[in-house]
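Consider the two complexes below, in which chain A is the common component and chain B and chain C are the respective partners.
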Partner chain A sequence: MRSRLHLIAFLLIVFALPLLIRNPYGQHILVMSGIFVLFSVGLNIIVGFLGQLSLGHSAYFGIGAYAYAILLLNVGIPWFLSLCLAVMISGLFGFLIGYPSLRLKGPYFAIVSLAFAMIIRLIAVNWQSLTNGPMGITGIKPPNIPLIGGRSLCFDSALSNYYLILCFVILGIFVLHRIRHSRAGDTFDACRENEELAQSVGINTSRAKIVALIISTMFIGASGGLYAQYVTYISPEIFGWYYIATPLIMVIIGGAGTIAGPIIGAVIFTFLPEFLRALAEYRLVIFGLIMIVGVLFMPEGMYGIWQKISKVKAEK
Partner chain B sequence: MSILRVENLTKNFGGVLALSDLTFEVEPGKVFGIIGPNGSGKTTFFNLTTGFLRPDRGRILFDGKDMTRLPSHRIASSGIVRTYQSTSLFDKLSVADNVRIGTHSRTCSGVFDAIFSRRKTRLDREYAGKRVAELLAFTGLAHEEGERAESLSYGDQRRLEIAIALATDPKLLLLDEPAAGMNQAESEALADLVRELRSKDITVLIVEHNMKLMMKLCDRILVLDHGIRLVEDVPENIIKNPEVIKVYFGEELEFA
Partner chain C sequence: MDFVVQIAQQLTNGLVIGVIYTLMAVGLTIAFGIMNVGNFAQGEFYMLGAVATFFLVATLELNYFLSLLLSGLIIFALGAVVEFLAIKPLQSRGFMPLILSTLGLSIFFQHMALILWGPIPRSIPSPLSRKPICLFDIYITPQRMLIFVAGILIILALYLLIKKTKIGIAMRAVAKDSNTASLMGINIRRVHLFSFGLSCSLAALGGGLIGPLHTISPMMGEVPVIKAFSVVIMGGMGNVQGAIAAGFILGVVESMAAGFISTSYKDAIAFGIMIVVLLFRPEGIFGKQGLK
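The block that comes next holds the complex of A and B.
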């Protein structure tokens, strides 16, 4: 009951946030942190639940973004349907890549996934007729929801996008919460902890891992599609290192394998670089140091530390 | 009819014959022991039976069905489950979670049920919860339900392994050196556990070096030597068999 009250209070704060942060730049950062929350929560399914390092998730982010933009502009499909299809296309690629590579153990999956991200980036750069090459795709129309009386709701501001993305984030976390506490969620734990034993008790571990990867890539694809519709411009840069490293840091330092961890990590690591702007050129150095300290002293992430503290408190 | 029928089972590891033309049968509801010096092919046999290795020749029939080419998880869900020589658990998970994962093949809700069907998920959880409680009580681990598996004592870890295996509702349970490293009291408790399994009509196949334990527990014993079947008989005859004494007890007389 108390945790439910906490959740409601937390949601109220989240809904009120953009009304408290009035300046457009702050609201922009809020929207970006929402996109990264969805990205990290999805990535956490592979990295945290399955315990499998990934280095190629920017591919699914990019695929989600490009699929959304191309379906919307070139094919002319309505935005919501485009988004749904973009999510499914990401999941399909997750399946195609995971099927051969998840049988590999240890770092090999990470290497294959990285290679895949590089290939997809090259395709985005070179398949000019589809992706417009290095120039990227511009003028992605903001979504419109028609209302009664001829008026419509257009998501062209940071504020409106915040609430749109928040809906997807809440939906995503709800779905993930359900999966985590189900029989399917158990199979992910089993694969992570002891794959051989999992097989000996009748778990089809190849299947469990593929399922996890598909769900994960669907989340990441959704965040990519939402990113494309928010910034209205995408280029092959979204396949790059920034979108590989940043979400990974958010998941690991936030707390891999928990639901709250990646959310906390995503919000903090979207805001932190902005707060550090005052330090000018030292900004990224300090950012890097914070990451190193985080990994060294909080192997279970920030959420793990918080859980330990509250456990100690409860025992007193 | 026999529950397990092994026919001409042969396995080579790069020229080293781990098992050679092994043939035997196990009656249902019995405790069947396999003994033999180190390297005689006992663990290889377990790996072949549970689908972690493929035989070069021969087949394994379980309840009349050929299991030889099935993947491990299918073999497990059809009722053959093993434990490992070195303790194998889901270390970082709680004792209850460990056993619940064991119920996997007896429940059926999938990812879509998890998202859309509260009812199916709840039914599975209820079934799993009931089995976990039963099995923890049966193996005497109920008081450690919330502990992490890795924090249990050695004896309790080995009991937890059996609890996980039992959660799959096996018809045939393969125990690979379950008493290794156990003290007297712990192996006594293990023996009681195995006897109770037999009373529940679970067939037990057990590989073990502790001869005292094997003599007390087993209905029949198969002796392997360098992958070859030496003899199969009731325990009383095994210790008297001159061939067995020569290859096995000759070097380890203290067990006899």
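The block that comes next holds the complex of A and C.
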């Protein structure tokens, strides 16, 4: 009961947040952290739940973004349908790439996922007629919801986008929570902890892994599609290292394998670079250092430390 | 005849680039075979080797060959420091923290270089002339020739080091079975420090060699590191001879593809081969033989 009250209070704060932060730049960062929450929550399914290190997730982010933009602009499909299709296309790629590569483990899986991401980036750069090459796609129209009486709700501001993305984030976390506490969630744990043992008690581990990967890539694809509609411009840069390293840092330093960890990580690591603005060019240097220091001294992530502290307090 | 000359020309170019892949990949193989570390910062050691050579030549006005050697030593020391600070403490915690730590290093070095060096690409001034020499209708610049010869010499020196010296024998022992090696009185810590430094300095020498031919920039290691990884996988993780052969093969295949098919997808070849090898022959084309 108490935890439910906490959740409601927390949600109220989240809903009120952009009304408290009135300046447009702050609101922009809020929207970006929403997008990254969805991204890292999705990535956490591979890295945290399955225990496989992905280095190719930027591919699904990019596929989601490009699929959304191309379906919306070139094919002319309404935005919501485009978004749903973009999510499905990401999931399809997750299946096509994951099916062969999930036979590999550890560093092998990591390197192959990176190789696939690089191939997809090359395609995005070179398939000019579809993706407009290195120039990218501009002028992605903001979503519109027609209301009664000929008026419509247009998501062209940071404030409106915040609530749009928040809906998806809440939906995503709810879905994830249900998966986590279902039989499927248990099989993911089994795959991570001891795959052979899991197989010996009759768990189809390869199916569990591919299901986890598809769900994960759908989350990441959704965040890519939402990113495209929010910034209205995408280029092959979204396949780059920034979108590989940042979500990984968010998941690992936040706390891999938990639901709250990656959310905390995503919010902190979207805001932190902005606070480090005074250090301007040193931002990514510090990011690199945080990654090393975090891995060295916080094996359980921030959420893990918080849990430990609250446990010690409870014992007292 | 023309076609034969063209093939020979691409073959030469491919072997030259192959040397660079080989140096990086052999470095990765040593780190992987001995310490089980997939070093994702190898591309940055390659970049730092080029940068160090540039400063020694351009700022201190040292001889190019001396600078190359010195930069190898500097990166060796840097590699040993990195091993001590960011690799050793994670050794017992599985593969994921190690890869993440080297990824952090990669970001750190890249952006540090971006601040200190700036985004403008520069080239190492080389004592060799830029005019190509014509050998049997094949054109090759003296720098390309140097890359090839120096690369072969470095690989030979490495072979002797691993086969004949005390530390080389210790490295092979640790690669085979580190527990037994430590029971036999081998100082595992020293072997790890040395191996990681050596692994990084091989990449640095590659960078210093390519510096006068291509331009140097903070991001120059991003793609080569993944190609070096695909070479390692093609050759079989931990197999040094396999990595040497695979490095040359990749260089040649790539330059043939660039010359006869298309340049825009040239980089995809390495990734494609790696994926195919991993799926159908995960132990590598030449199998897993360990450090021999």
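The rule we apply is simple: the second predicted complex is superposed on the first by the 307 of 316 C-alpha atoms of A that agree within 3 Å, B and C clash if a C-alpha of one lies under 4 Å from a C-alpha of the other, contacts with A are read in each partner's own complex, and residues count from 1 in each chain.
Basically, a contact is a pair of C-beta atoms (placed from the backbone, for glycine too) under 8 Å apart; a residue touches a chain by one contact, two chains touch by 3 or more.
The model shown is predicted, which means the values in this text are computed figures rather than measured ones.
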- Touch check for A:W241: first (chain B), second (chain C), both, or neither? second
- Message: Contact-wise, after the overlay, does A:V201 reach chain B, chain C, both or neither (first, second, both, neither)?
- Response: first
- Message: With both complexes superposed on chain A, which partner does A:V175 reach: first (chain B), second (chain C), both or neither?
- Response: first
- Of the two partner chains, chain B (first) and chain C (second), which one does A:F287 touch, if any: first, second, both, or neither? second
- Message: Looking at A:I215, would you say it contacts chain B, chain C, both, or neither? Reply first, second, both or neither.
- Response: first
- Message: Tell me the contact category for A:L122 with respect to chain B and chain C: first, second, both or neither.
- Response: second
- Message: Once chain A of both complexes is superposed, is A:T187 in touch with chain B (first), chain C (second), both, or neither?
- Response: first
- Note on the structure: Max touched-residue count on chain A (chain B vs chain C) belongs to chain C
- Task: Could you pull out which chain A residues touch chain B in their complex?
- Result: 175, 178-179, 182-187, 189-190, 193-194, 196-205, 211, 215
- Task: Would you tell me which residues of chain A are touching chain C in their complex?
- Result: 47, 51, 53, 55, 100-101, 103-104, 106-108, 110-112, 114-116, 118-119, 122, 125-126, 241, 245, 248, 252, 281-282, 284-285, 287-292, 295-296, 299
- Given the complex with chain A, which residues does chain B contribute to the contact? 50, 52, 71-74, 76-77, 81-82, 84, 88-93, 97, 100-102, 104-105, 107-111, 113-115, 121, 124, 128, 164-165, 167-168
- Message: Quick check: in the complex, which residue numbers of chain C touch chain A?
- Response: 38, 86, 89-90, 93, 95-97, 99-101, 103-112, 114-115, 222-223, 226, 229-230, 233, 264-265, 267-268, 271-272, 274-275, 278-279, 282
